[in-house]
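Quick one: structure below, then a few questions.
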């Protein structure tokens, strides 16, 4: 019993990490129709910022996260103004390739600046709470989960209630109609992109004590974000949480209940699920911001 | 006379909206039938169902005795039913002749012919049809350079290349100047009498339909409102009500989003 | 007509590009910038040309740099201190031609072929990593050029029956041997293994299983996990339930972080933890501080080991010399690289020529004690004379605890 | 520029100055074929050229679906890996067990067939998807198949991989690949002039229209996708035999897809010469970057990629022939056109917007 309970805790903790990792990616895709292939690299930059704060000034990543958010917000805004603005509404291949270009530029810059050495940020919120001898809750991951759920709830409120949030939703559903009713699309896109990159930076900060920080850590994270978003529905905030939890639990259970190759299978599962979800139910499981009809021209 | 095309109780829903609601329609061999109705009445959606571009949610469609309810569009085309589109679909970067060569009877091609260049017979047929459709001297022109009306003619030509027995014509005169519209009507009549090709025409231009067809079906809100000769139908109070109750506003929720820019100018009222 | 002219010019450009690619770039490809000061080889009776493709860029950039410094240490020493390689009556200078293989298999293969054909090197030194060594050693074999290496240790490449591949380091399957023997002596009964599902960690894990069973220790479970893993909680939960005495794990640096953290978070506390890659790296110890206390790790070589030879002197002497040249202490990848070059050097002297067959025989017959430990190749070309060392993190310091001959501290068991 | 018979096929119009290009291509082919016979061409040069031919071949295959049909495949390298693995499994049977391993020629051919067969099955499912969804599904397929190969260790050797007996006749492989690439170029050139090629282009331009005009789009696009998979599988099989060693991480490399996409774009999407010119140029540029920039080569590549995509959308071929396919004519591009150097939104002058949605 405690075995299963532990698997549940592991899965939920992993789901929390995935949630915070996927939100920014999902919303950019859902609202702007841009597939951010550089997502993992923005996570990586956020993680480097948190590591620097931790290493140079001994600031805990959970404390520096708001600062990382602010810096990444600015960075995201700059990237949006200089590059992303030029690719919105262009064919998907263009935006994919430009974002891919950004991703290798970021990798290269970080490699030249920090070398390929592994780094790790330090947090005081580490260790475990022991519920019983066989049942523990990982502290860092628990707080990551708390932040993830908080951010999800906050985003839900923001998108649902605030004026700006409503504009973002309108822009996602029908850009032309939104323009007609007076939504400033450029501004909405700028805000959305900056906000999401800020969030993505926070994700990087939060995982900096969990995963070693290095210039080439991004691509697997981008793929994960892909898998979850495609399953969950584009730009769906609740879907991101749900999809991340489902994937976290599936991975935790597979890894725990299959001997020898369980962890390998968990990775296979997430990509088989991705392809299956796309082929069988392209619009995702949850209702997203953007209407998807992936099978018609 | 058994009908060439026989559709009964066709239903198509989009989410909560029922765009086509139990429509019965039939077209006999060599017959010309008009399909009219206000914007948003489901004409184009019905066409999409009949040509199998859209899956139907209910009903039965038979073509020449074959149930085509689960066929894919190319199978339907190969059975001898072709169509045109409200928003013209020609390959703009290709020449007029090349567009025609793309519309051959694909079903009859063997693999070796698939890997060969267009043969002399197909070229002859294309040239012949282009001459017939008054496009002969434009055959090497890039399709994108043609006028709207010429492109309509080209699309009609393309739909005739595969020697169909039934052509579904979607808005053959929209965006076409009156002179050319008369030419089109003339050519259609000739095709019909010389080659025994049946037509089902979706039209805004009721006069155009009245000139060509002996039978007209009126669609409103996805259902058949009236059916009969053009004279009977235009006198039908329900039809008049349907048209004038919903004045011909082109942008008001036609079932195809995105209107042809030239679409607003033509005669829509009965 | 103008269009056809332009098309023609474009094609001519292609021809130029193609031929430039095939021919020109051989000259263009400047050897990777090595830090070794240019040595005047004209004073010698001749030159021994040795080639090496190492990762300057890409995922092995760090280890590639260490390996290159290791090779260069030998070049500096043999030309400046030792006075050249003795061949018969003459003294020959040594020169290494380097290329950057970008950590990429295709590029490495291309460059090794280039070293053999264009640069006409007499011998090859190995690249970094098992993957790159496996591909390039086949080319060396097919062209009958000897390759001595110290940083590609997977067992599979020595099961192909190659005659020209020699490894001075301990083969992957023996990485855990000394640690397992030391633990068995302390009464360990049960163990679990987790390893990354790639060439090198799999070889290590399979060897570990053999050594454990040979020492009467029961292996309760073996778990594989893929590259780039982000979470090992499930594996550690499973292991916690089994309650083994020893945990063996590893693949890469990041895995060590994940294992140590997950063990901590899940309250998995085996009496010993042996992690393949990581503990011998001071950075890991610094970053994980308390959590990594008492963790064991295999090491090819440490400066504190009690080895000595006629060349370079003792392990500590070598470390001092290395530090003088490069301003940092040698990691074992660097020492392995130096030892590879040294083994080749000794074989050339013993053969009295640079003839491939003669040097191959000399390598097979080589028995030498060096700063790196004893060197003697078996019929596969693997140095079986040198045991693998084991270190343990004790009070934040990395100390050799096994084998006894090299140990500077006693094994702490159970860990804290 | 005079054209032969009217209606010579879609292609003739899209490909400039056929004769000059044909003669030029022949000269290149002869130079490449004779070069090794003149002597003084080392194995290293042959290997360099062979690797370049490999990337040209993969780019040509990618262009078949990505350029001609408009289905942008982001996982194309998976067929390279499958071809390599299937061959390695067949050949290495002899060193692993009592069974006798296959001789190289049938092993390489069957390896390619396995890739083609899998491509047919997977293509049938994923080609229902359009635009970026297809791309992502293929990216997912790439990773999923790589991980499946890793997990299926009894057959594939798992993460350890398989070693093949070394057989490194560089000259032989060079000529085989040169012949393959030449055949592919002639094949695509011919394909573009046939009804099949015209149908593929019709699919790219307007799939629904093509379907209603009687073209079995599912069959044709799946066929061309499978052929591309088979052909890339063949290059993978040859590569495995030359590399003498496969493991999941070196047989399935994202970079191969990226190179094919970048090379084709650099050369000109949907053209016959584009992938050849582009992949060769990319290989060469990359060599220059690596030798001269070392650490910054990734940076330079990223910048180069963005510049190409934003400012040279028609690629090298487009510099000569304005009618090559532009990126903007693919995917959701319907509203966009390239006129001269600038992008325009809305209908072409005097034209009508084509069907959207």
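Letters A, B, C and D mark the chains as written, and numbering starts fresh at 1 in each.
To be clear about the criterion, a residue touches a chain if its C-beta (ideal position, glycine included) is under 8 Å from a C-beta of that chain, and two chains touch if they have at least 3 such contacts.
These figures come from a predicted structure and were not determined experimentally.
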{"item": "Centroid comparison with chain A (C-alpha atoms), farthest chain", "value": "B"}
{"item": "Which of C-D and B-D has more C-beta pairs touching across its chains", "value": "C-D"}
{"item": "Intercentroid distance (Cα basis), chain C paired with chain A, Å", "value": "37"}
{"item": "Separation of mean Cα positions, chain D and chain B [Å, integer]", "value": "39"}
{"item": "Whole-Å gap separating chain A and chain B, where each centre is the average of the chain's CA atoms", "value": "48"}
{"item": "Junction residues of chain C - those touching two or more other chains", "value": "197, 224, 226"}
{"item": "Multi-chain contact sites of chain A, meaning residues that touch two or more partners", "value": "111, 261, 264, 267"}
{"item": "Chain pairs in mutual contact under the definition given at the outset", "value": "A-C, A-D, B-D, C-D"}
{"item": "Residues of chain A touching chain C in the complex", "value": "3, 6-7, 10, 13-14, 17, 111, 115-120, 122, 126-128, 130, 133-134, 136, 138-141, 210-212, 214, 216, 220-221, 224, 251-252, 254-256, 259-264, 266-267"}
{"item": "For the chain C and chain A complex, residues of the former touching the latter", "value": "59, 61-62, 197, 221-226, 228-235, 237-238, 240-241, 253-254, 257-258, 261-262, 264-267, 283, 287-288"}
{"item": "For the chain D and chain A complex, residues of the former touching the latter", "value": "72, 74, 125-126, 128-133, 135-137, 139-141, 143-144, 147-148, 150-151, 153, 206-208, 254, 258, 261-262, 265, 295-299, 301-303, 305-306, 309-310, 313, 327-328, 330-333, 336, 343, 357"}
{"item": "Parts of chain D lying in touch with chain C, wherever the complex brings them together", "value": "1, 16-17, 19-21, 23-25, 27-28, 31-32, 35, 41-45, 47-49, 51-52, 95, 147, 150, 158-161, 163, 165-168, 170, 242-245, 247, 249-250, 255, 276-277, 280-281, 283-284, 287-288, 290-292, 294-295, 297-298, 316-317, 319-321"}
{"item": "Residues of chain A touching chain D in the complex", "value": "35, 83, 86-87, 89-94, 96-98, 100-105, 107-109, 111-112, 219, 223, 226-227, 230, 261, 264-265, 267-268, 271-272, 274-275, 278-279, 282, 292, 294-297"}
